[in-house]
Amino acid sequence: MVPTNYYIILSAILFGLGVFAFVFKRNIITIFMSIELMLNAVNLAFVAFSRALGKLDGQVFVLFVIVVAAAEAAVGLGIIILIARNRQSLNVERVDLLKL
Amino acid sequence: MPAHPILEYLWIIPLLPLLGSATNGLFGAKWPNKIVNWVALGSTGLSFAFALEAVREFFDSGQVLFRKEFFTWIAAGNFRAGFDLQMDQLTVVMMLVVTGVGWLIHIYSTGYMAHEGGYYRFFSYLNLFMFFMLILVLAANYVLLFVGWEGVGLASYLLIGFYFLRKSASDAGKKAFIVNRIGDFGFMLGMFLLFRTFHTLDFNTLFDLKHAAGWQAEPWGQFGTLTIACLLLFMGACGKSAQLPLYVWLPDAMEGPTPVSALIHAATMVTAGVYVVARSHVLFTHSETALVVVAIVGCATAFFAATIGLVQTDIKKVLAYSTVSQLGYMFLACGVGAFSAGIFHLMTHAFFKALLFLAAGSVIHAMGGEQDMQKMGGLSKKIKYTYATMLIATLAITGFPPLAGFFSKDAILLSAFQIPGGHPLYIIGLLTALLTSFYMFRLIFLTFYGKPRYDERKVHVHESPWSMLGPLVVLAVLSIVGGWVAAPALGGGRDYFADFLAPVFGGHESTEVLGEAAAHNLELTLAFVAVSAALAGLGIAYWLYLSRPSKPEELAKSMKGVYTTLLNKYYVDELYAAAIVRPLLWISTNVFWKTVDVGAIDGAVNGVADGLTAVGDGVRHTQSGNTRSYAVWVVIGAIVIIAVVFFWTSAGKPVVGMVR
Amino acid sequence: MSTFLSSNAELIITLVKIALLLFIVLTVNAYLTWFERKVVAHMQSRWGPHRVGPHGLLQPLADGVKFLFKEDPTPAGVDKFVFYLAPLLALALAMTSIAIIPFGPDPIHVFGHDVYLGIAPPDLNIGILALFAITALGVYGIALAGWSSNSKYPLLGGLRSSAQMISYELALTMSVVGVLLMAGSFNLRDIINAQAHHPELGILGWNVWPQILGFICFFTAAIAETNRAPFDLPEAESELVAGFHTEYASFKFAMFFIAEYTSMITVSCLCSIMFFGGWLSPFPASWTFTHYVPSAILIAFGLWVIWDGIRYETIFGRIILPAAGTAITALGVVFILYPDINTFIQAPFWLVSKIFIFLFVYVWMRGTLPRFRYDQLMAFGWKLLLPVSIVNVVLTSFTILAKMQWGAK
Amino acid sequence: MTAPLAVFFVLAALAVIGAVNLILQKHPIHSALSLIVVMVALAGLYLLMGAEFVAAVQIIVYGGAIMVLFVLVIMLLNAGIEEHTSISKLAGVPGLLLVAALGGFIAATIARSTDVVQAAQQTGEMSSTKGISNMLFRDFVYPFELTSFLILVAIMGAVLLAQREKS
């Protein structure tokens, strides 16, 4: 029987790593992956709490998160493909048309 | 089916013209003139018919005050202003005058305006005026009356500026509107004062209060609540009825089409002031001062306007000043407490002054738009009907027996003579009568006699169509017989008109100071004096303008100062311009516009805008366009949220959220 | 020692089972290649392999040896790690998927332990889901192989295959849903037992009949999922040389090869389990004499092998074939003599025979059908299979609902 | 050191290593692979917690669909080694500090709330796909339908984005 807060700490660590990657990676695709990593960390926390509280809501919510992540991936990757087509670069720092 | 259907549904009488106005205003643009005619004449004629029926029912129900509250319009605290209409003898007179004369003038207009642009617009405005005027006369409380009051002001503004392409016309409209505002300001103050004092503005309750509240009649020189209220109301009346010092708008109002001048600026609207004074006679009779002021103002206006009228050459201007002076007569009557006489003169004046204007319109029509009398002359042969009717009207206004004007003016002069200390008023009134007859006959002689002073090859004088002459004839008949109801008074009999109005004015009429016989003799004498004065005026006019045509110029030269002064209307407009308009203009330009508006308001607005722009310039550097920087911003946001939700605790309990 | 055994019995048994299964599967794979070549050859009126050993029966051995001892070049500029990872991944996942399949209903008693046929615990109640999860991961092997080879053809092959597998996975999953609805469970054993509700029906009680649509969709999608003809575009020799494994040689290539055949076996297992009653006998339960069908078939086959062997041209064949024949016949006889063994082998026998039939169908299709064009493939998957399988789901659920409502207590 | 605990630590280590590797790797495909490792490890953890269905879905959807899409796109765009620019000043040292601060905050939060979680240590009936489906199709049916709508929109958006404008 693994204590719940082990899971929570693990998810926190994963989330922190995700944030780090989110900020410090340059490649759009990798950044997108880091977002997925954060989502996964949150999912882990959900399931852990769902077990701790003996309720299934957490798992159901995880399913929703997964669905949303799938939709997000579809659209996001489409956008990434467009960016790569138009800018010939996947480096976010090269995609700065919004600069003043 | 109630016993008195129209009385029960009194609102239908004002409603019909409103419907007509709406219909014409909304759809008339597309319609041919014929349909517009049908709508306008139909609505007004119907309302005239209903008015007659209402009057019949009123008599049928025994001439008791009929009052009905249809719905509550404003209810605030203990203040209630309802859509209440009432019907009494005074209302009967006014309503019949408005609807009847109004209808005739509508008919006339179909001929007069036939070739004008904006035909439907004209009739839409005219019907609108009818609606508001009927509201005014039928209203059972000051608030509703004020609605009609303002409404007719609006209609008059619209119609004076009917030819809005002419600058003079639109200016005249604005002038009328603004000058009226001054009066309305007083009127509203009066209403507020009344409500504050008596907590009601309903006529019957207000006028019954005098028993309950036990008003003290305020003697001369005492300025109590009533006096103030009366003076304020009278201020409004001055504005609407063109009395000193607010008469200046009426002569300019002649810029409007002639039927408008006839209906609004002669027959009905300008008499609203008189009507209001008469309606609130209860208040006035309780205030000596107010009555005196009314009398003096009326008298002064009458004489003053008459003098100006002597030298005017524009035919409509002459009539305009005569209107002002006749209104002065009416106020004089009210001032001396002879309200019935005032209303009587109001009615007869409505007949013959409307007739005069319409006839003048016919003349102008015949002359192809020429209004200057010096370019007319010798028209009597060419346009007989117009000439005949206009002559009748002139005789009526100058007060030759047995025409309408004779009786009404006689009654006024009599009551002016009778009140203590009224002789000066009487003298001036008499003098005014003389002047009146002089300038009226001057008008007649210049227009219809002597040699033509216009280019006959250019102008083809022609008689107007019957749609215009018909109303003239009808009005002529009325101007003749209009006064006979009061005729028996001369024969020592009764003044049926006064008796008819007695229920309204009750005991407030100035009571006879002399015995019956003496009064009779006095009446005859005064009548004789008045007629002789009129004759004198006629004589002078004949001597000056027919027998010795060169005389007027010499006269004008010999007393140039007076002449020019009169010609320039005593420089009143210039005086107002210098004393009021220019300073106001200067203040609004330099203080309100240049300083307050530009400096303060715009300054504030622009200042805010500039400040925000500056802030934006500063902040916009955070918009680096670099996604990674934005990512860092996201992180910062997350930190803030966590800090707030988890660590911002007060007394151990989290301020936001219910975590732990 | 014995204490160690008794304490970790479960673990040991599982390991043994894994080793056994690996051995069996690999052997079957090897002979599947031989079988395929033979069948296709005969379909094209050729001989197929017949040099190595009688009827070329030792050909697989030779191939294996060749794979092992060939040189294994690693092209320049490949991403080493991924290049080595890909085949491992493919093979591992394929093998793992087999582990989910149960091969028999009732356990054998070994040293007082119930040992079920099949590695996964019998109460694995997400069985089919787990299977799909593993097959879903299977795509990486091919995609990564294609990408890491740093070469055009493999890249195209990899792209194609990953796109194809993603597309057909949907149809695959949806087409199974009908069966799952009828069984009301993810557990493969439950699914089989659900088809045995009416023992008298026998073959008529299987899922094929109500789920015919689902079966067609599933089988088609499964073929595409395993990159087999007519959906073998990723390795289309004629277009892409050899697709994703162009750059692979020797044993890494062999891994892909084995993975492919293993997944073929897995799919055949799934088909027979989910639509053809798994290990259920096609005959009504009351016909007890059908218990002797397996031994009858074995004996017949053995006798034919003997008869064929004695007339074989090579000496080696004349010796080895009759021997094998007699062994098979003996096996059949043993089954007849020992009834309890006979009853036990019923289930595995039927399952295996069904799997064999499906493998034959695989080969048969490859022999006959031409390859799809890529756009045809995608259109077929998205516009035909997926809608049909969804319709199937809807129909099934409505029928079940109707049963719940009226009758069929 | 019971068996589950051991398994947990193995899987957790796997996940963390994968995450760290995601950051360290320069090539997106390696990052993707390490992310797949993380996801599989998480699926294992779900199994350990008895959430079989979620575990299966995790692998099928995340591992089998989403990450495949990622790999596919990386292959399609032939993404090379990540070039190491640092144009954004904010994402430099200050970013590092901020991320550290966020980590610290999260740690503090957990440190404050562990006792609560410890308190709720009773484990409910977890291994029930039936239960999940009941909730999904009874209590959460409207959100469920909404997600279907969301997916539809996502499909349309993806198609719209990916198609080359006809010229």
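Order as written gives the chain letters A, B, C and D; numbering starts at 1 within each chain.
By our rule, contacts are C-beta pairs under 8 Å (C-beta built on N, C-alpha and C of every residue); 3 or more make two chains touch, one makes a residue touch a chain.
Since this is a predicted model, take the numbers as computed values, not measurements.
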Ranking chains by how close their C-alpha centroid sits to the total C-alpha centroid puts first chain A
Of all the other chains, whose mean CA position lies farthest from subunit C? B
So how far apart, in whole Å, are subunit A and subunit C when each is placed at the average of its C-alpha atoms? 37
Euclidean distance of C-alpha centroids - subunit A vs subunit D, Å: 5
How big is the gap, in whole Å, between where the Cα atoms of subunit A centre and where those of subunit B centre? 81
Can you give the whole-Å distance between the Cα centres of subunit B and subunit C? 107
Do you know which subunit D residues sit against two or more other chains? 53, 57, 65, 69, 74, 76, 87-88, 91, 95, 99, 102, 106
Subunit B residues touching 2+ other chains are 624, 626, 628, 631-632, 635, 638
Out of subunit C, which residues touch more than one other chain, so two or more? none
Which chains are in touch, pair by pair? A-B, A-D, B-D, C-D
Please give the residue numbers of subunit D that touch subunit A in the complex, ascending. 2, 4-5, 8, 12, 15-16, 19-20, 22-23, 28, 31-32, 35, 38-39, 42, 45-46, 48-51, 53-54, 57-58, 61-62, 65-66, 69-70, 73-74, 76-77, 79, 82-88, 91, 95-96, 99, 102-103, 106-107, 110, 114, 117-118, 120-126, 128, 131-132, 135-136, 140, 143, 147, 150-151, 153-155, 157-158, 160-162
Partner subunit B, residues of subunit D touching it in the complex: 87-91, 94-95, 98-99, 101-102, 105-106, 108-109, 112-113, 116
Given the complex, residues on subunit A that touch subunit D span 1-10, 12-21, 23-27, 29-30, 32-34, 36-37, 40, 43-44, 47-57, 59-60, 62-64, 66-75, 77-82, 84, 90-91, 93-94, 96
Give every residue of subunit D touching subunit C within the complex, in rising order. 27, 29-30, 33, 36, 40, 43, 52-53, 55-57, 59-60, 63-65, 68-69, 71-72, 74-76, 127, 129
Could you list, by residue number, the parts of subunit A that touch subunit B in their complex? 19, 22-24, 26, 31, 92-93, 95-100
